[in-house]
C-alpha cells in the first residue's frame, strides 16, 4: 500500500519530509546568487542611450537593474538586496510614490538634482548617501546641467520574499517642499548633536543626506591613526541618530577606506553585501571568482561567500561604499561570521 | 539601436527596471500561499501507516509536511513558516541534530515521549508547547505506549529564503541528560518568577516546555472576565522570560479561546499564521475560502489575507493554538494590520 | 591675602574643592545606614495597640516605620528604601491617594482585606506580593476578621532625595471597582502567557498580586534541582511581564529559599537590601553585626556591606523575601558586586 | 499607655508614620536648592589668586566649587549635580585618578592643555565638551601659555546620595598616551559615521571631545531654519554614538542658541539643570528670582522650578551650554514636565 499512501498524502496536501530533508537542511548556506561585477564604463553608454530614447513619463524610473546571473526571476542583485543605476536628465522629474521597501541612493556623477522625501528637498552631490526609508514619499527632480547618475539600493527582494510590500502613487507628480531644503542633514549631521525639541525616535534614520563632504572629513580626521578591520579596512557605518544603529532596519550602509597595498584577510558572513567603488581600483576574490574593480563599478558578494579585498595600488587609496542586509539577518538571530 | 541596446544590457547582466516595475511593486501583498485546511482524521491513518513501514533510521524525522498548494517548491505551509505532523513510536529515538531554523512542537496525542534540548530532557503531554530554538541540539525518544503525534512548527522557509541556514548532526544518536529533567520549565513557568542566579538573557526563551496544565489554569483563572480581542478572542502570547517578547525572534506562539458563539471581526495583517485546533469546532473565512475546522485540524492564513473566526458551537469553547512570523515582520519594520 | 580670599569666595557662593576632596571622594562607599534587625514579635503588640487607639481617619496610614538608626532624619530603612509594618482592622478603609514613590505590600498575616489599585480590587493573603507602582491610585479596605498586617516597601527615600515626589488625594475616600477583582493577576500569572489584546508595555509590572500560591508552586517545582546562588540560595526575581525585568524601575523584589543548613558565601554589592523572613530562622552576618532572625522579622543590609546568610536549621527551610534598589543603581551605571 | 507606646516603639527602632506623613509626601517637589547665579568676572580673580598660591601637588584639583546656598553640606550645585571652575597653569599636571562619579569639562578659556582619559590625550579649546565618564582614569596637563579655565560638571551629589561612590589614585602622577591623541573624537564626530571594527557599545559615550568647531558648524548649518523649542530655543543634545542617548547614564549635556530677542515660554521639569553662558547676555526668571547673566557666568535651575529664558539682545545670539540629571530621573520613571 505504500505507493498508494504516497499518492494519497499528496492529494491531501502533504508530502513526506524524509524525501526532502537533505534539500531543506543544508550543512551550510549555498546562495543561488553568484559573485559578480558590473563595470560602470560598460553600463554608462546604455544609460545615456535610454535617457535619450525613453521619457520619464514612460518609465516610472529610468534604471538599469543589476541582475545577478543566479537570481534572474524575480530579478535581484543578492538574495535580499537590489542595486540599480538610475539616470535623470536636466528638466526631468520622476513621479512621487512610496513603497514598503527601504531605499537609498548613492550619488555617482552629476550635480543639480534633488529628491523630495516626505516634503523635504534633499540635494545630491557625488559621494552623498540619500535615504528614502520604507513608506516615505519620494520623487526626483533635476535642475542642473548634464545627466545625473546614481546607485539605487533597495531591499525589495527581501520585502517581496516576505510578501509584505505595499506601493502607492502620490496624488500629484511631485511633492511640494514643506520644510527648508536639506534641513534634516543640517540638523543631525554635525558633532553628534541631536535636536532636542520634538524628538521622534524611530527605526529609520531621519537624515535625508549623509553628505560626502562629511565622509571625507571623517577619513581626513582619522588619517592613518585607525587600526581598522583586518578584512574591511577603515570601515565606518552610517548610523541612525535615534539609536546609533543602522540607517534602516533592513539595510546597513558603510564606507571603507582600503589603504594603498591593503590586502584583507579572508572572511565570510551570512549577510550578503553589494559594493560600489567610490575611488581607486583593486580586486576582490569572492569564493572562486576574482572581481577586478575600478572606480564606479558595482559588485556583489553573496551571503556566506568567502571574500578578500585587495587595493592593487601601492600609492592610492581605494574607497568602497557598501550595503548589506546585516541588520535584518542579525535581528532574526541568523548572523554568523568566520575569519580565515 | 534600442532593441540592440536591450540585448546588450542583458548581456551585461542588467535589465530595464521600467519593464518590471509593476511586478516588483504591487499596491498590496498578494501571497502565493492560499488559505488551506488539513483535516487531522484524514492524515492520521497515513501517519500510522508510515510509522509502520518506515523506520526512524531511514527517515531522519517521520513527518508529513503540510504543503500549501501555492507553495509546492520549495515546500512550505505559509511564505515563511512550515507545519508538519510527526509521529514516533514506543521504543524509537530520532537522531540528535541542530539547525539554524527555530522549531517547536505542539503535542497532539500520546504520552511518554520526550525531547532532549541541549542536554535537558523535556517531557511531552497533549497541549504542551516545546521549544527547540535555532542551533539547539535536539533528539526525540519515546518510552511510553502507543504512537505519539505532534505538530512541528519551523521557520525554515524564512531561513532558507534568506540563505542563512546551517545544519549539523550530533556525534551520537542521542544526547545524554546533563541537567535534571524538565528543569527549565520548573524554574521559569510559575508566578512570573525568574531564577536570579546565572542570568543568561537571550533572544530565545530558555523554557523547554510551556505545559498545557498551566495554559489550562490561565484560561480557568481568566474565566469570563477578559475583554479579549474582537478578532482573535481571549488570545494569550507565550513569552520569553528574559524580555517579555515572543518565544523566538522569528516565531510568535499564541493560544486563543473563542467563547461559544464567538464571531470575530474581519482582520488582516502582513504576517502569516498557522492554526491548530486544540479543542472545539468552527469555521474561518479566509479571503474567499471557508475553512471548516474540527479538533486537531491545522489551517493556514496567508499574510494580508482577510480572516474571520467563528466558533460554531453555542455551548462549547473552541481553543486555537497559532504561530506566526510576526516577530520577524515587526523587527523588519513591515508589520501592518487592518480591521474591517 | 589668602585668608581674605577664602572669605571672599565663600561670600560669592563658592568653596575650595581642595578642602573637601577627601570627604566627597571616598575609596569606597560608607553607608550611613547600619545593619539592623526588627523583631516582629516585639512590634506586633504596639501595632495592635495603635490599631486600638488610633482611627484610620486620624492616621492617613497606620504604619510603624522601620527607621534605621543611622538614618533618623529624614527617616529611612536604607539609603534609598523604606520599610514599615501596617495594620488595618475589619471594617476599616484607608483613604485613596497616589504618590510618585513606588510601593508594594508583602502580606504577613490576616485575611479578608484588599487594595484597590487604579480601579482593580486586589485581595491579600499571607505571602502575597501586591504592587502599587508610582502614581497609581490605591486605597485599602478590610472585610475579613481579625487584624491584617503587612510589610510596606517604598522608594520614597530615593524619590525624596531626588526631589521628584508628587502626592495627591483621591476625590473620594475609596475608589470604585472598575474591572473584575484580581483580573491582572489572573491574566498574567500563569504559564508565562501574556494577554495579546491591548498590550500596554511599561516600566512597571501590570500585575496587582504575585500570589503566594504560585510562589509556593515554584519552589515545589524546582525542589532540590536548582543550583541557586552561592550567596543567596534559590533566589527568584518577581518580574514585569512586559520586559522580563524588575517589577518597578526603582525596586526589585525577590524570594529566596535557603536550604536546611545553607551557609552562604560572603558577598557585597552597591545596592542596599531589606529582608523579611517568610519562614524559618537563621542568622545573617552584616559587616560586624550578627542579625539573628526568625519568622516575620525584618532586617536591613546597607549598600556595600558584606553579608552572609545562614539557615540555622538543619531540617527546615528558611524563606526570605527581599527588595532592593538594584534596578535604580544598575540603570545609573553604579552597580558593583564582590564575592569573597 | 499611648505615650509609653510611642516611647517604646522609638526604642525598637520604629516611628509612627502618621506623625511624619505630611513631611514625607508633598503635593509637589520643593527643592532645597535655590535659583542662583555665579558671575564669572567675580570668580576669575580668585581662581588666578589660588593658582598663584596653591600648587597642584597640594590641591588634588584646583577648583572653586559653585555651592548652592540651599545645599551647603554636603556641598552641591543642584540636588544631584555639581559645578566647579577649575584652573591649571602652564607646566602643571593634575594627578591621575578615577571615580564612580561621571564628569565632564566645558572649556572656558585658555589653550594648550589636555586631559588624558583612559590612555587617550584629549586636547582642549574654548567651547569644547570633554568627557570623563565614571571609573575612567583621567589626569590633566597644560603645555600652553597662560591659565586654562574650565567648567567641571559631575554627578557626585547623586552618586554620594546613593552611597555608591568609589575612588582610586593612579599608580603614577600621569598616564602615558596609549592611543593616538584625540582619536575618539576624530573617529566618531563626523557625519554620524561610527567605526565598524571592534564595536564596544556602552552606556557612556566613547567620545573624548565634542569640539566647539563642530558645534559651531551645527548652528551655522541650521541657521534660521529650525523651529526649536518654545522654552529652550534651538537646543541640541550631545549624544552617545552607541545608542543615540545622552552622553552618560546620569548626565545629559545640551547646547542652545537663543535668537536675538528670544523670550521663552515658562516651563518646569523634575530634573535640575546647570547653565553656562557661552556667549551673549540675557536673563532667566527662575521661580521668583531674576538671574541676569552674561558671558561665562553659571547659573542653577532647581528641579521643578519654573524658568523662563530671555535673550536681552535684539542683535546678538545668546548661547547656553547646560547639563541635567534628566537621564537619571527619566530612567527611574520620575520625569515630569509642565509648560505654562
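Each chain gets a letter, A, B, C and D, in the order it is written, and its residues are counted from 1.
Here, contacts are C-beta pairs under 8 Å (C-beta built on N, C-alpha and C of every residue); 3 or more make two chains touch, one makes a residue touch a chain.
Chains and their UniProt names: A, B, C, D = Cupin domain-containing protein.
These figures come from a predicted structure and were not determined experimentally.
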- Task: Work out the mean Cα position per chain and let me know which chain is farthest from chain B.
- Result: D
- Rounded to the nearest Å, the gap separating the Cα centres of chain A and chain D is 41
- Query: Taking each chain's centre as the mean of its CA atoms, how far is chain A from chain C in angstrom?
  - Reply: 52
- Query: In angstrom, rounded to a whole number, how far apart do the mean CA points of chain A and chain B lie?
  - Reply: 32
- Could you draw the chains as nodes, link the ones that touch, and say if you get a line, ring, star, complete or other? ring
- So the touching chain pairs work out to A-B, A-D, B-C, C-D
- Note on the structure: chain D contacts chain A in the complex at 180, 183, 185-198, 201, 205, 207, 210-211, 214-215, 217-218, 221-223, 225-229, 232, 234-244, 254-255
- Query: Touching chain A in the complex: which residues of chain B?
  - Reply: 1-2, 5, 8-9, 12-18, 20-21, 23-33, 36, 38-39, 42-43, 46, 49-50, 53-54, 58-69, 74-75, 79-80, 84-85, 97, 99-102, 134, 156, 158-168, 203-204, 248-250, 270, 272, 302-304, 325, 328-329, 331-334, 336
